[in-house]
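What follows is a pair of complexes built around subunit A, which joins subunit B in one and subunit C in the other.
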Partner chain A sequence: MKAALKKEIDGIIKSYDGTHGSLLGILEEIQKRNPHNYLPEKTLAYTAKKTGIPPAKVYGVVTFYSFFSLIPQGKHCISICRGTACHTKGSRKLLDYLRSSFEFEGDTGGDAKLFITTKDRYLTVRTVACFGQCALAPVIEVDGKIYGSVTVEELKKILKKLKGSRQ
Partner chain B sequence: MDSSTRERRIAEHKKRVNLIFKKCVWDDFLDRALEMSPEDMLEKVKESGLRGRGGAGFPTWLKWKFAREAEADEKYVICNADEGEPGTFKDRAILQEQAGKVLPGMLVCAKVIGAEKGFIYLRGEYAYLLPALSQEVENFNEKIREKGERFSIEIKLGSGAYVCGEETALIESLEGNRGEPRNKPPFPVSEGYLGKPTVVHNVETLVYASIIISEGPECFKSLGTSDSAGAKVFCISGDTDLDEGIYELEMGMTIKEFVELFSDGDIKAVQVGGASGHCVPRKKFADTIIGFEGVPTGGSMVLFNSSRSMYNVLHNYLEFFEEESCGQCTPCRIGCQQLLKGIEAVKSGEKPSEYLDDLVKLAGMMKISAKCGLGQSAANPFISIVEHFREEIMY
Partner chain C sequence: MTQKQLRIKINGDTYLMYEGQSVLEACRSAGINIPNLCYLEGVSRRASCGICVVEIEGARTLVRSCVTPIREGIEIFTNTGRVRKARHTNIKLLLANHPRNCLECDKNRQCELQKLSDDLDVRDTSYPKIRKKHYDIDASSPSLTRDHEKCILCARCVEVCSQVQSVDAIEIAERGMEAHVSTFFNKGLDASECVNCGQCLLVCPTGALMAKHETGSVWKAIDEPGRHVVVQAAPAIRAAIGEEFGFEAGMPLTGTLAAALRKMGFDRVFDTQFTADLTIIEEGNELISRIKNKGVLPLITSCSPGWIRFAETFFPKLLPNLSTCKSPQQMFGTLAKTYYAEKMNIDPSKITVVSVMPCTAKKFEARRPEMNSAAEYWRNKGRRLPGGTRDVDSVITTRELADMIRESGIDFARLTGEKFDEPFGISTGAGTIFGATGGVMEAALRTAYAELTGKSLKDLNLKAVRGMGGVREASVDINGLTLKVAVAHGLKNAREVMEQVSKGKSPYHFIEIMTCPGGCIGGGGQPVPATTDVREKRIKAVYSEDESMPLRESHKNPAVIALYDEFLKEPLSGVSHSMLHTEYSRRDLYPGI
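And then the complex of A and B:
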């Protein structure tokens, strides 16, 4: 691991010094600063050593929460709601469209707790249980921004507007 | 009912029941509340008949009393804004529009139980609310510091796990652990965050608490029924023709009245209370009351018209539970998987329809043996949908 990265992690851990329950916050921050928005194994091992928290516990926490990723994520992220209202109003079609337009790695089909990234790390697609915007179903989130009543046509437009779009 | 009559009725209801979203000046509220003795506040909440709005409906005053009587050097108030129940979005709306009433609710609770620290556990998917909410919390902390109060609020962001809405899992998560529910008892009111007495409340409960303290219990108690006092915020989605989804309604309505108001009438079922709630078929609309004496709800009401497949609805719920089960206890970890596989097998003809009866027994077993509310309530949609829409599961 590079010295600069170690220093960065040290800084993050220090900023949480002594506060209870800081592990989640520390890991979130480390992941956010990673260029591919994930937690490499070495980073986890280093964090465990530095915080004095057993590696098994760190790993246990990371694998419990869906926010954390152990594999690199894409440059852009689209989350599709698969909650009752969105499912009923056809959110599956949006997912199907993305699946037919990009080549994802490790896609095992289905839409339950999906977290897939394209081979070229351009796009990550995930499903969410409900965005709390059900009156606007179907709802998706693109790079942190919420869109409601999305149709396939609209999704196409959104994709075109993404930075570095290849469509 | 034609649409203009519906509009008129909704408008009338809105006028009569308007506590949560009413615009009001809260500046002098803090002064008034701070002048009141904790005993007075507790008495007011007791008189109002307020019960928790997070689902379980435990009397709010009793929670406060237990935490107040618990002896400890530190106590905590937690606002549960994890709102993960599919189809529920009222807490999001309340935090967006009325955060100014949520925070005083936390202060009032803290005064009664003797806490100096409060947390808002905000659902990770609601991170987009953070900038405005942080500002609001900062101002509030500043204001009460100026008034010489020793109480402050901190926001913690969740990391994406439905089960963390369960109060003991939430506390585990706050402590930096996997969000796995604890055994109860001990309940959080005696051993919660860091082992100290902790009161966990839904966002809406806290708002009603501040309204009750500020305007007196009568404004709340005069609404609703004897078991379900007051009003409640509902989130309406699915096959409704209205654009808006959030309504504050009096407790004790029947589903029939509800469906007449909020849809064009072609509704075959209503899922009350989200994925963990009950599915009510049309033939039961007239005699099912929305409230603790009938079907309780955290607020979610999803309407299904006659074109919807209840198999798909149930399948969607079971997938949700299978994913979100924390895996800690066997009835839920294995049970959710088997219910899901089971309906798939019946649908495909691999298993005979009688197999559904075995699955209903399994669901009943989960209800009594799962460790927390997640595994226990996964059985609710299963049993109610299989009972009323058996043919849809079979064919």
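And then the complex of A and C:
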């Protein structure tokens, strides 16, 4: 592990000053600063060592929350809601459109707990069970921003606006 | 401190119970059994299994009794139709994901889930399996196997590993249908913090956690013509083996054990207590030498292989504090294939050494690469033993031994007591108490006192180091030297003591650490259940056995004296060092961070 990364993690952990229950915040920040928006094994082992939290417990936390990723994510991330309300309002069409427009690696089909990334790591698409915003169905989240009542046309516009867009 | 008493009602009868008790604890102390598969007294109340539900007057839903505290006037009903129906449903839900091939399972007839299903008369399992992910059996550890398919996610193992042992090798990972018990990144147990103690499998209600079996290789050796198979039985076996055959816990059955081993077909039936006595001579001298020569102190015992792995993983800087003495099991293996082979004129390559241990970590210890001193000894004499020769060939647990006794058709309860064979069957009471927490310390003090003063302790019973307190300390005055000692059992307590040593604040000369609560008698290879009550009874058996022995100090063991005369020359001699001592290495689980 590079010294610079260790220093960065040290800084994040220190900013929480040993507050009980701060692991989630620490991990969130570490993932955010990772160029591929994920938590590599060594990073987690180092975080465990520095926080004094057993590695298996850190792993338990990371795998519990779908927010955390153990594999590299694309530059941009779109989460599509596959809850009942969004499904009836056409969220499947949004997913189908993304699948037809990009080439994803290791896409075995289906849409439950989907997590697929393009070969060039430009885009990650994942599905979530429900955002809890059913009144705005269908809902998607793009790079942390929520969009409601999304149609395929609107999705096209959103994709165009993404940094480094190729649409 | 007086605890407030509460008046409560259980199934219509009134009881006085203490504030702070859970409904489950209150019912149990009233003699009403509440079935459960996840609660562990004093360790775990995750309330994950849903079997311990009861009805409370005025409550809208059933409650899980393990996590519901009693209150004044509470009315509890443990045996209503609603309760029975819910327990049925919940156990069926657990069974939905559980394999039904009980006959093929090692835990058959000892499985809590199987027994409870039978007790509650659950026959059909009408729910479909919902768990989708499959994980292969983890057989990476030399001591344990993990089978996710059989796991009901009670998390007892997780709690014991964390709360009792502070090892924290495992945790529940992922969630919902994907939840499973996992190490860091789901690595094999052998690549994790796991120290092989097996406390997890003692509490596992199913066959998800099992000890590795070695009975096959033992039978094979016994059946092989021309093979000389010697067996050693650890001190803690005699205090617990009876439980496998219907005896009350706490019945020492030394003679019966020796008779059973002989009937099974072992060529020589020996006693690990012999090398326990030998360990005391070597370790006692090591202690005296470190004090005299200002060596690294405190000296810490090294008999317990789970503890050794714990120290190598978590306290690598303190490895110089560990005694270099091998454990009695390993001293025995080395001597059987060297001194004994020469003395009896037996070809060492024809000798198989089998250990009966209360311990799953002993399986790991016997496989440590450095545990092949006998091969080294013969190589120096120009003789090559077959490749892969180990000092100890097979290690079976108390439970495996019981299986083998049953398989042999031996009626254990009706055996007449016999003696262990000479020379390695001769031992003292000091060797016996190795099986209990504080025992190694007490045995060492008996000998160290005699060594330094030339006379025996007035009272050989050093009660200060006995008991079940997590960390116990004592001082013994020896010729003006106040020897300060401490005893810890259970690795959480060991960690506390080690952190003190780490900070340079340890006031002790000598520390005994045993991996398992209660010491070896509570080891991961012992009969189930191993509750605190059972462990205490086994300890009693160990001390009563000690008091019944004619010799109770290791240095008075005539076979040990002869061994020094004929082979080792003197404690800590060159021969002793190459045969009976070892070294440790740090375990870096996460290199490069």
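By our rule, the second predicted complex is superposed on the first by the 167 of 167 C-alpha atoms of A that agree within 3 Å, B and C clash if a C-alpha of one lies under 4 Å from a C-alpha of the other, contacts with A are read in each partner's own complex, and residues count from 1 in each chain.
The rule is simple: a residue touches a chain if its C-beta (ideal position, glycine included) is under 8 Å from a C-beta of that chain, and two chains touch if they have at least 3 such contacts.
Since we're looking at a predicted model, the values are computed, not measured.
J.: On the A-aligned overlay, A:24 touches which partner chain: subunit B = first, subunit C = second, or both, or neither?
T.: So A:24 only meets subunit B here.
J.: Is A:60 in contact with subunit B, with subunit C, with both, or with neither (first, second, both, neither)?
T.: After superposition on chain A, A:60 lies in contact with both partners, subunit B and subunit C.
J.: Now for A:46: first (subunit B), second (subunit C), both, or neither, which partner does it touch?
T.: second
J.: More residues of subunit A are touched by which partner: subunit B or subunit C?
T.: B
J.: Applying the document's definition of touch, where does A:1 land relative to subunit B and subunit C: first, second, both, or neither?
T.: Touch partner of A:1: subunit C, not subunit B.
J.: Going by the contact rule set out at the top, does A:84 touch subunit B (first), subunit C (second), both, or neither?
T.: first
J.: After the superposition on A, what does A:119 contact: first (subunit B), second (subunit C), both or neither?
T.: So A:119 meets neither subunit B nor subunit C here.
J.: State which residues of subunit A lie in both footprints, the one left by subunit B and the one left by subunit C.
T.: Common interface on subunit A, subunit B vs subunit C: 57, 60, 64.
J.: Report the residues of subunit B in contact with subunit A in the complex, numbered from low to high.
T.: 83-89, 91-92, 123-128, 156-162, 173-180, 194, 235-239, 243-246, 271, 274-275, 302, 304, 308, 312-313, 316-317, 319-320, 322-324, 326
J.: Inside the complex, what are the residues of subunit A that reach subunit C?
T.: Residue list for subunit A touching subunit C: 1, 6, 41-42, 44-46, 48-49, 54-60, 63-64.
J.: Contact residues on subunit A for subunit B in the complex?
T.: Per the stated touch rule, the residues are 20-24, 28, 57, 60-61, 64-68, 82-85, 87-88, 110, 112-113, 128-135, 137, 144-146.
J.: Please output the residues of subunit C touching subunit A within their complex, sorted ascending.
T.: Contact set of subunit C toward subunit A: 162, 168-175, 182-185, 192-193, 589-590, 592-593.
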